[in-house]
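Okay, handing you the structure first.
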Amino acid sequence: MTRKLQESGLTKAQLRVVYAQILRSRRLDERMLQLQRTGKTSFHTSGQGQEIGQAGMAMAFEPGKDYYLPYYRDMTAFMLFGITAKEILMDSFGRYDGPSGHGLQMPNHYAAKRVKAVSQSSTVASQYPVATGIAYGAKLENSDRVTLVTTGDGSTGEGEFHEALNFAGVAKLPVVFVIENNGYAISTPHNEEYAAKSLALRGQGYGIPGVDVDGLDFTATYLAFKEAVARARKGDGATLINLHVLRMQDHTSDDNQRIYRSKAELAEVKAADPLKTMTQQVLDEGIYTQAELDDLEKQLKKDINVATDQAEAAPLPDLSVLSQNIFAPVDKESGIYGNN
Amino acid sequence: MATIDYLQALNQALDEELAQDDTLTVFGEDVGAPKGGVFNVTQGLAEKYGDLRVFNTPLSEAEIAGLAIGLGVSGHHAVAEFQFADYILPATNQIISEAARMRYRSQGDWSAPVVFRAPYGGGVGGGFYHSQSTEKVFVGQPGLRVVTPSTVRDAKGLLKSAIRCADPVLFFEHKRLYHSIKADIDPDEEILTPIDKAQVLRQGTDITVMSYGITLQYVLQAAEELAKSGIQTEVVDIRSLYPLDEATIVAAAKKTGKVLLVNEDNKEGGVLGEISAIISEQALFDLDAPIKRLAGPDSPAMPYAKNLEQAFLVQPDQVKQAMQELAEF
Amino acid sequence: MTRKLQESGLTKAQLRVVYAQILRSRRLDERMLQLQRTGKTSFHTSGQGQEIGQAGMAMAFEPGKDYYLPYYRDMTAFMLFGITAKEILMDSFGRYDGPSGHGLQMPNHYAAKRVKAVSQSSTVASQYPVATGIAYGAKLENSDRVTLVTTGDGSTGEGEFHEALNFAGVAKLPVVFVIENNGYAISTPHNEEYAAKSLALRGQGYGIPGVDVDGLDFTATYLAFKEAVARARKGDGATLINLHVLRMQDHTSDDNQRIYRSKAELAEVKAADPLKTMTQQVLDEGIYTQAELDDLEKQLKKDINVATDQAEAAPLPDLSVLSQNIFAPVDKESGIYGNN
Amino acid sequence: MATIDYLQALNQALDEELAQDDTLTVFGEDVGAPKGGVFNVTQGLAEKYGDLRVFNTPLSEAEIAGLAIGLGVSGHHAVAEFQFADYILPATNQIISEAARMRYRSQGDWSAPVVFRAPYGGGVGGGFYHSQSTEKVFVGQPGLRVVTPSTVRDAKGLLKSAIRCADPVLFFEHKRLYHSIKADIDPDEEILTPIDKAQVLRQGTDITVMSYGITLQYVLQAAEELAKSGIQTEVVDIRSLYPLDEATIVAAAKKTGKVLLVNEDNKEGGVLGEISAIISEQALFDLDAPIKRLAGPDSPAMPYAKNLEQAFLVQPDQVKQAMQELAEF
């Protein structure tokens, strides 16, 4: 049973914001798929089905204080850290003002200096070791900031996943490792990715708690993350969270999941859409009325239209970028080293 | 005869070798049924040869490489796919420390006759991690052959030879050649391309241009155009990036005394440097012009925005212009 | 309590051979340290303290049928697979007839084609992925051969360890993964290597059994491996064995463990020498009499002296080796590929 | 003034930088107390600066690299040690995909000001995996500096500059220089060596020899000896292997018109090829002789048996002979 939103301990006002962001992110995701299909952008990776889990996750952190190393499906969490639809769209259009990649990175490589969301590569799991370095920094600074890092279930096969968790266990690092487990790595189903009953069991092998969390249940997710964050802030070390979510869309816009997922399975996934569940919850728990939701939908549509237009109108990177920021400039005065 | 493209040629090579060598396995991320690889190079093979021989692996490139090596060591053959050439990097240790050294360190007691396939190259909107030319990381490792086909015929013949080769072969496939070049290939002809030889694709007397990958297509096209204005170009498909075919390279350089080297990778530190060094070591006094290199800029390959990506990529008109300038030198 | 040797189910004759090989390996190890100290060889890695565990392990396999990917402390197991002191010494002296490296590899890089002990690199844990490939081969051949691969406790930190176990779980490979856990990685104690209560717990994360085994107890070790091998032969997949042993000597002849291990600890380790325990056992259980043991010692000394002289007298590699066996010769007839 | 060796110079550099930069951390396998590294480069530092700043890591080179990168990204500085240059290979992906690309892909929003130290080179009886020169694997990655000091002064000054550098620096230390070269260094002098410049160590007019690592010592010695018979050698310490200091290299080549390049690594595919290519591209008509390379053979580095190891290694007399032949060319 999905737990009540109110059991999360968040206020109604907070829950309104969360829900609105989730809905915004769904509508934005749909728009981005559409932009890709109509040739306005060249690529999109959808996060549909992972939004509720990501929202529960994001709400447990302090954006601006905590570091965040997202992966390519994390649009909802990224927005909850404080990023706008327009910013995200600028990255999709390859515009220089996009915070993630300034037109240099592919779409969906979420990052933003402003909220300590760190630049990511496409090489899966390679953010995990980097996250441990950032977490180690908190120890050096005697800070209670926490580092959040996410990846997919398939990506846990990588050696870098293992090496990071091992060191985090040894050094008791303030980091929350998240597996957004949607059961697939592109076309490869989970039983061809790993044979563990649950990836949460890996925690013990590193001396850190590993927990299974229902990422379709906002409250359950939020509370699990709250505990992991508290643990980390207190200096008790890392947690591994195996967050069970759904991948509702193709792997990316280059993929066609109907080749490897049956009609029945896809229908099931559609039926289990956690946004539907949560929409029912916000109505049932009196967080929004139906009329308010209708307004919200209208507002979001307008917002996203405006954001799309503005993002598209933003300038492409200048060609001079090709030779900028490769190395730091060598300091002319000393003549010897970068401006570290 | 049937007209097939570069990708179909690769698929045929795998199909034929799976049929004739029952120790052969083919695997990698999403390589098995039903997807058959993100580019479809292995499409239909799992259905035909079973999912014990053609299969998906977890995301773990070092394991993919090691799995292949272990199969090779124990008398099997393996074609391991890295989904993108960018993602060979996590497997660097397996490839260099294990595969490349196996035969020599055991003086032939053990060997690793495996093929590592990797789609490389940019111009596909893939940003930094789906566009790189990573061949430079792996050349210069005695024991490890690095090759790349740049024609449809070689896509088939070189892959078949690589599979039959007793040593590990790192096999790069340029993504933008997959569907952009086609040729008539007799499906019944057994094509086996020498694995250690460069290839002269066009004879010429005025300038010599050596290249591989998509830029080789630009060179061929420019050579065709320049021929009309009387400039005759000797075009060499480098093909075997390590070890290099010094004899063919030096002979082609001496023939015209004017050499241009072209590839898509960054200029400094790429494989063109070695080719240039071989020529200036062995044919310096035959040269009538500096050995020029036309390559990508020395910035990380490759930015996403279309304008930057195009600015990064060596363009056909740059190739033609460089050839013209060299002819006029 | 150390279990009785007879409880292993091995015959007295077998146990006599095992013990003699263990003792031979200890005496050989001592000789190799001495050869290094006197400058006759330049390097040695001792396996003292790991012999009993290795013997229990080796006895569970069928040399010549099963593949073996040893690591650099595996001299005892390697000898039990059928390799002589002279062969090992040839490798130590860098002689071409040494089966492991033909003078090209450093000492202690145990390998021998003859018994399917596969050539190893020094790069720790990199034999783990290779072992999975060999194990996969057994499936292709429909063979019940098993692959044995060993490494140290510190080496379990490597990503390649993880990737290999993960795939072995997925593909149910007939392989036995062994951690010879001596509590140190050079100077680094186990609590700075990993935080798991036991490395055996990692098994669950890969869907394979993980077991802790007392590597100072021959019978316990042998029976645990017997079970793992039976499992693999039956097609039930891999086992991870965390074999608890002692490192009695310096990491290698380049190291000095007195810098990082206290006198008290080193005294404790010496007192716990499993060879002493086993010697008492063979006497108590009537496998050898004291007189027989005295003879055995004499015989071993003689054998090792002879082996040392013969190995030293063996030829160095010819300089032509520098350009041999780098690539397979290209077939002249077809002109196109190696002699695969 | 105090006479110190190359290794002590490295230790001093770390000590001074740990003292002046309290964001700096130093770590790696066995780097902490009490061992202070398998070569003792970090000896005494954990005791002095605490084991939060100077510490051991588990065996996991990708993690070591990533840990450093994460520290750099979040405003700390890190010197990560790879125990041997051979063992950087498991960290290739972190170094190339993360460290080298961080600044560019984020247009300066993030950077990775970290140093990766690695003892390289053979002649120490280390066989294939404790002897390699792995620099060629990492050059040609825009965003990643690759340097190596070949003098005691540079061991100190270049490491200090690398630590202060705002970009990732891969720092190679030749193991056989650790104790074989000594110099008088004023402990109170703040030595900072330019991180992007080659260095002319000796002026000459007859031949130009460029090198780095142990072979540079042979070059200097031979130059000294040849000077007695009237051959004046211009000796360049390449020092910055990527990006190369083209200006210094080209000027030195033009000065004598006769160029010899020397290193310990295999010949084909090593960094000498790029140096040669730069020269033949920019100074071809100033050359009076082919650009020669003296390097290791194209077989896996490095066999264990003393006779083979010595046969692999470029020897002082080979260097001298090559220089003499070039002078007489």
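A, B, C and D are the chain letters, set down in written order, and residue numbers restart from 1 in every chain.
Note that a contact is a pair of C-beta atoms (placed from the backbone, for glycine too) under 8 Å apart; a residue touches a chain by one contact, two chains touch by 3 or more.
The structure presented is a predicted model; accordingly, all values stated were derived computationally and were not measured.
**Q** Just to be sure I understand the contacts, which chains border both subunit C and subunit B?
**A** For subunit B paired with subunit C, the chains in contact with each are A, D, in label order.
**Q** Taking contacts as defined above, which has more of them, C-D or A-D?
**A** A-D
**Q** So, comparing C-alpha centroids, which chain is the farthest one from subunit C?
**A** Here the answer is chain A, farthest from subunit C.
**Q** Measure off the straight-line distance from the CA centroid of subunit B to the CA centroid of subunit D, and report it in whole Å.
**A** Their C-alpha centroids are separated by 31 Å.
**Q** How many Å are there between the centre of subunit C and the centre of subunit D, using C-alpha atoms for each centre?
**A** 36
**Q** Centroid of subunit A to centroid of subunit D, CA atoms only: how many Å?
**A** Spacing between the chain centres: roughly 40 Å.
**Q** Cα centroid separation between subunit A and subunit C, in whole Å?
**A** So the centre of subunit A lies 45 Å away from the centre of subunit C.
**Q** Mind pulling the residue numbers of subunit D that touch at least two other chains?
**A** Residues 57-58, 60, 62-63, 86, 89-90, 93, 97, 101, 104-105, 128-129, 142-143, 243, 298-300 of subunit D touch two or more partner chains.
**Q** Mind pulling the subunit C residues that touch 2 or more other chains?
**A** 96, 101, 104-105, 121, 123, 156-160, 162-163, 166-167, 170, 192-194, 321, 326
**Q** For a test of understanding, state which residues of subunit A touch subunit B in their complex under the given definition.
**A** 42-43, 94-96, 101, 103-107, 109, 121-125, 154-160, 185-188, 192-194, 254-255, 259-260, 316-317, 319, 321-323, 326
**Q** What does subunit B use to touch subunit A in their complex?
**A** Touching subunit A from subunit B are residues 29-30, 34-35, 38, 56-63, 86-87, 89-90, 125-130, 297-300, 303-308, 311-312.
**Q** What residues of subunit A sit close enough to touch subunit C in their complex?
**A** Residues in contact with subunit C: 157-163, 166-167, 169-170, 172, 191-197, 199, 201-202, 204-208.
**Q** With touch defined as at the start, can you tell me which subunit B residues reach subunit C in the complex?
**A** Within the complex, subunit B contacts subunit C at residues 23, 25, 52-53, 57-58, 60, 62-63, 65-78, 90, 93-94, 97-98, 101-111, 113, 142-143, 145, 161-162, 164-167, 192-196, 243.
**Q** Could you pull out which subunit A residues touch subunit D in their complex?
**A** The contact residues of subunit A facing subunit D are 67, 96, 99, 101-102, 104-105, 111, 113, 118-119, 121, 123, 126, 128-137, 139-140, 159-160, 162-164, 166-167, 170, 321, 324-328, 330, 334-340.
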